[in-house]
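Following are the structures in question.
Presented sequentially are two complexes of chain A, the first with chain B as partner and the second with chain C.
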Partner chain A sequence: MSNRFYRNKWLPLWLASPQLVVLFFFFYLPVFLAFFWSFYLERPFGGGSQFVGWQNFERVLSDPEFWTSLWRTLTYMVVASSTSIICALVLALAADRGIRMSPLARNVLIWPKAVAAASIGVIFLFIFNPFMGILAPLNEMFPGFWNPRINPVHTWIMIYIANIWSAIPFTFIILLTGLQSIPDTLHKAAAIDGAGPWRRLFDIQLPLLTPQLFIVVVLEIADSLSGSFALIDTMSQGGPGGATNLLVYKIYVDGFKAYDLSGAATQTAMLMIVVAAVTAFQYLVVEKRVKYER
Partner chain B sequence: MTALAHAAGIHLVDLQKTYSKTPVIPGLTADLASGEFTVILGPSGCGKSTLLNMIAGLEKVSGGKIMIGSREVQDIPPKDRGLAMVFQNYALYPHMSVADNIGYALKVAGVPKDERTSRIQAAANVVNLGDYLDRRPSELSGGQRQRVAIARAIVREPQVLLFDEPLSNLDAKLRHDMRMELSSLHRRIGATSVFVTHDQVEAMTLADRILILNHGRIQQFDTPNNIYHKPANTFVAGFIGSPPMNLVEAQASNGAVSVGGVRLAATETSGDVTVGIRPEHIKVTESGIPVHVAYREDLGSHSTMVVEMENGQTLRLATQLGEPIRGGEWVHITIPEDKLHFFDAATGDALRSD
Partner chain C sequence: MKLLKIAASALMLSTAATAVNAAQFEFWYGNTGSVETAIQAACDAFNASQEEHTANCIGQGGYEAGMQKAIAAYRSGKHPVLIQFFDAGTLDLMLSDAVVPVQDIMPDVNWGDYLTGARSYYETSTGELFSQPYNGSTLIFYANMEQLGEVGVTEVPATYEAMVEAARKLKEAGHECPVTTDAHPWRVLEQFSARHGAPIASNNNGYGGLDAEYIFNEGPVADHLNNLAQWREEGLLKLNQDTKAGKYNVAFNQGECAMMEASTGSYRSAFEALGDKVEIAMAPMYEGVERRNTLIGGASLWVMKGHEGEKLEAAKAFLNYLRQDDVQIEFTRMTGYMPVTQSALTKLKESGKADMKEFATAEMGVNSLNQPGDVNSRGLRLGFYVQFRDIFMEETQKAFNGGQTMQAALDAAKARGDALLRRFEQTYRGVELP
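Up next, the complex of A and B:
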């Protein structure tokens, strides 16, 4: 930023201050406090805290439950973001090709964006209810066919479907815009060069869609993590038997149900490091393969 | 590269295109000879790009037949028609290198890598891009991109080369250079070429034959020379030439044709006719028809004028530079009788004396 542009050197800071204040109070301060508390033993009902050095980390890192939960969290990030992006991509490709009813579908697909993840969780919990939901008739024919309250695989299927449903609108819009910005003559040129629709998808559309794919991967991986809390809280509460106890939910339970504030803060710090590492990997390694040329 | 053996003629038989009941091309029949360079010329919306896209297979045919060589192709996909196309905006794949752009068709066709590399190199050499194979299209100038597009088209040694206004994105000088290159390229390669444009200069300079299209109908399909000297109707007469031909409503009687009482020439017809006279054929002379110079433009190599006859009839004329004539002056003009064109006043079709 050139100093000559602003005569008053405080003006730029003043203009940026609303953003900075919001960022400070809602992002940097909590992050800082999480790291700060991870080195202290906090009392559950307030009043005095004690510096304990790396003891919190030793305790958390030696807890096998933390590692299972972290592993589940990473798996969830990968599976949830990839399934939702693939579904949105298929829909965007269909809408881009202008198949029948696509203008209507384009509008309908935006609607889930307006619904909070918690509401989506409640709705899907009802839809997949083993006794009243859409699969209830199958349960009557084959008892035990579907029960997400007991069978962890069923629970995961239910959560993934709810996540896909809530994640589609944003990803769909970004990918559809990306597809529509690919000039029509490229399709024509490729068609004359002999490439059929599938060949064009892999040789022309997907490479030229990589900028949009990259940004939705980055955002979906982060979003799947934060969005998972509301889904798990409304649908499974980490169950059955801790099978869906992702780190975001475990932190909440440890901190606010079990009042292990320091343990929760330490796990938050660990989670933050993991997320930062994943994002850094994406920008440093994955982005190199993104084709920005136009 | 000798593709002469591959060249195939194109035969359009009662070809039709209708967009939601609006006929764009009501029924078009034409034979484009093998190895011939045909330019399809016409104003915007005349159906020329639609016609090209139908030959390419990028648009469905509503009726009629397209034959390439002896094959009927209207129902087979573009890739099986043995043709290549150069687009107005180049349509290069931005994420691929120049070599990959040129070789994409070969790759799709499963040509082995070694053969591919040598054919890419050969095609790039033809358009003088041999040293640019590793570049991306974004690193090239407009003219170079157009050459890549041409190399991509010729690398497959197609029977038919299609051009969709390929020069209109280039600046004037580059357009002139590319025109010369395309012309010599065509002589070397010899593929049957179809070139769509709205620029009559491109049409006159490149074409073996020009197909002039208006409202989806062929107005004239002939050599540039015949199009210029023997326009088939008033549309062609008014479309070709810059400034365009003067078209004057005239009356023929007693063996002479006259405009508002002023005798222009002898004729055998009688009744109402449209008389056409090219601006460059009108001479400023010592005596003749008196006219008032209403407007004058110097263009360096020549100058153009709009003159008004005593009866109010205006004419455009072009003279060699150096005529000391100013706007507002009265001068005399002579119209050579043998340069006049006669058209039916009602239909606009040429009235041929021969």
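Up next, the complex of A and C:
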């Protein structure tokens, strides 16, 4: 029976159908509509929409705000994911040894992952409040030393720290699992041959960790796009003076607060293209260097 | 047989549903806090006052959120009969084809009873009211007289020159925050230019047609914003982000700052916090400029298209109810918003309550609205204005933070605003400004 059962060519489709249906309604359809709307000039309340060809794209592409925002988004993508991965990697390397209570510690460490990004934003906004937060004493001594409400650099530091805090646990667990699955014998053999901890790190641990590193890079880059929205919405609302206006937040503001449905749709289409390009790069170029075989 | 049963029960269900719907209608509003309490109280009172209709009043958690939800609901045909929209969205709604003018569906009401300042903002070029003014506010000046008294200032400053003089005295006496503002365009651009008779945009602020352009980057508004930046440098003025409280009106209420320009709607919380220490006056003028009226802020009630029959009748009954003098006076008492009709104002004055602290803003605000007006103080007919407010904030904040000069900020805001106006013009190509 089993053979005939699995030979049914419709079976894979049936098994995948629930997910495909969900994906269709919540992903493919909206994406299709975004591309569709990007060729129309749409009135907020509907009615009277007109086909304008590439005009929306011309408008968006000639808007310096769009380019600054896109550039900011790419910078954020790189800086946010690399800082959080490096921090998690350092912690994972430090924890990768037979320490007492480490199973418990690992459990506790995953908890921040369960906190919504918006809540993290609110908490860190309070922690970094220039008049009541942890840096308030420094502000008392040197007025104007720290004010993320005014200084964009401070705002970015605050957002990056919140992002690292929220991203570390999951990345840490994945990297630690990867490290622990590296056979002990390799370490021992290398140690007998006289390889110090640094040499072992670069020649044994990191190369064997590439599958895990690859997956966290993919996840973190995707997360830096979606997770940044909640942080920015709660912490800076794109300010001060538009300095933290990432593309995801700009699209939301343009579409929902400014009723510019066509412009928002066009920027969504552009963002889709960028994300598709980044993902393609990851899988077509970067993954080639990943060693899955041991 | 079974099919018949199902059909019969479906029919019963649908008739039952219409029976409920007939008496009920939905009203969406945006306010939160004490204003929301007052709106809910008005709804309850309306429902208790008669048995025919039931108002189902649903808070949307903010003006902008309310507008977003209304757009989504209208596009999917699930919009409420009655909705509260805020001032800045007026033109977007007028051209949306999603609303019907209140004066069209209720021609018998004496709409002329509405205060001029409230009418001009919400009426068509032919003088027809598009929406029913509801929670009307305007800009007034607040001063903490205890703090001003300590440096020998006994009167609320009426001019910016006097305000700066008082601020300098406070600063010399060691006060850290003489004046506070959030530099929101409603306060520093719209209300400022209206009462100084200065234009924000050509074509009489857009009343003359959709091809208007922003022109606030030269003249009194530009001077004023440059002054604000300079006063902040001098330590006389703090923005939201400079205050400990993080928000200008909270900073004033907590006694951190001594003076502010704010909506009449802020009065209740200020009075609760500071009591007799707080005194109000009309918003300051620059010396030598003739005072014009300020604009009505807050929000008005719009009837959305696509409803008829009993639902619409119920909504009309609710609008009629809210217009009653006593209902308006109670709303004023609970919120600090102003009565918006002449008759309610007269009744308030005659009742002798007008002198009570709760009603202090009513007379002051109405007085400010009723100053002689000109073409630049009627209101705004500028498309995508909600987005323009964000742009204005963004560019001026950059200037306050030292990223660019104030003039560069205003020029950039004008350029980006003009692009919005052109897009609005194109979006509503062929639509006549009502």
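One rule holds for everything that comes next: the second predicted complex is superposed on the first by the 270 of 294 C-alpha atoms of A that agree within 3 Å, B and C clash if a C-alpha of one lies under 4 Å from a C-alpha of the other, contacts with A are read in each partner's own complex, and residues count from 1 in each chain.
We adopt the following convention: a contact is a pair of C-beta atoms (placed from the backbone, for glycine too) under 8 Å apart; a residue touches a chain by one contact, two chains touch by 3 or more.
Small disclaimer: the values here were computed from a predicted structure and weren't measured.
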**OP:** State whether chain B and chain C clash or fit side by side on chain A once the two structures are superposed.
**Re:** fit
**OP:** Would you check which partner chain A:Asp254 touches, where first means chain B only, second means chain C only, and both and neither mean what they say?
**Re:** second
Original post:
When the two structures are overlaid on chain A, which partner does A:Val286 contact: first (chain B), second (chain C), both, or neither?
Top reply: neither
**OP:** Please tell me which partner, chain B or chain C, touches more residues of chain A.
**Re:** C
Original post:
Taking the superposition as given, does A:Ile192 touch the first partner, chain B, the second, chain C, both, or neither?
Top reply: first
Original post:
After lining up the shared chain so the two structures overlap, which partner does A:Gly242 touch, if you call chain B first and chain C second: first, second, both or neither?
Top reply: second
**OP:** Please indicate which partner A:Ile110 is in contact with in the superposed arrangement: first for chain B, second for chain C, both, or neither.
**Re:** neither
**OP:** In the overlay, answer first, second, both or neither for which of chain B and chain C A:Val218 touches.
**Re:** neither
Original post:
Which partner does A:Pro152 contact after superposing on A: first (chain B), second (chain C), both, neither?
Top reply: second
Original post:
Once superposed, minimum distance in angstrom between C-alpha atoms of chain B and those of chain C?
Top reply: 51
Original post:
Which of the residues in chain A come into contact with chain B in the complex?
Top reply: 183, 185-186, 188-196, 199, 203-204, 207-208, 291, 293-294
Original post:
What residues of chain B sit close enough to touch chain A in their complex?
Top reply: 56-58, 77-79, 83-85, 87-89, 91-95, 104-105, 108-109, 136-138, 152
**OP:** Please name which positions on chain C make contact with chain A in the complex.
**Re:** 64, 67-68, 71, 74-75, 92, 96-98, 240-242, 244, 246, 384, 386-387, 390, 394-395, 397-401, 403, 416, 423, 426-429, 431
**OP:** Could you pull out which chain A residues touch chain C in their complex?
**Re:** 41-48, 50, 59, 65, 129, 131-132, 147, 149-152, 238-242, 245, 253-254, 256-260, 263
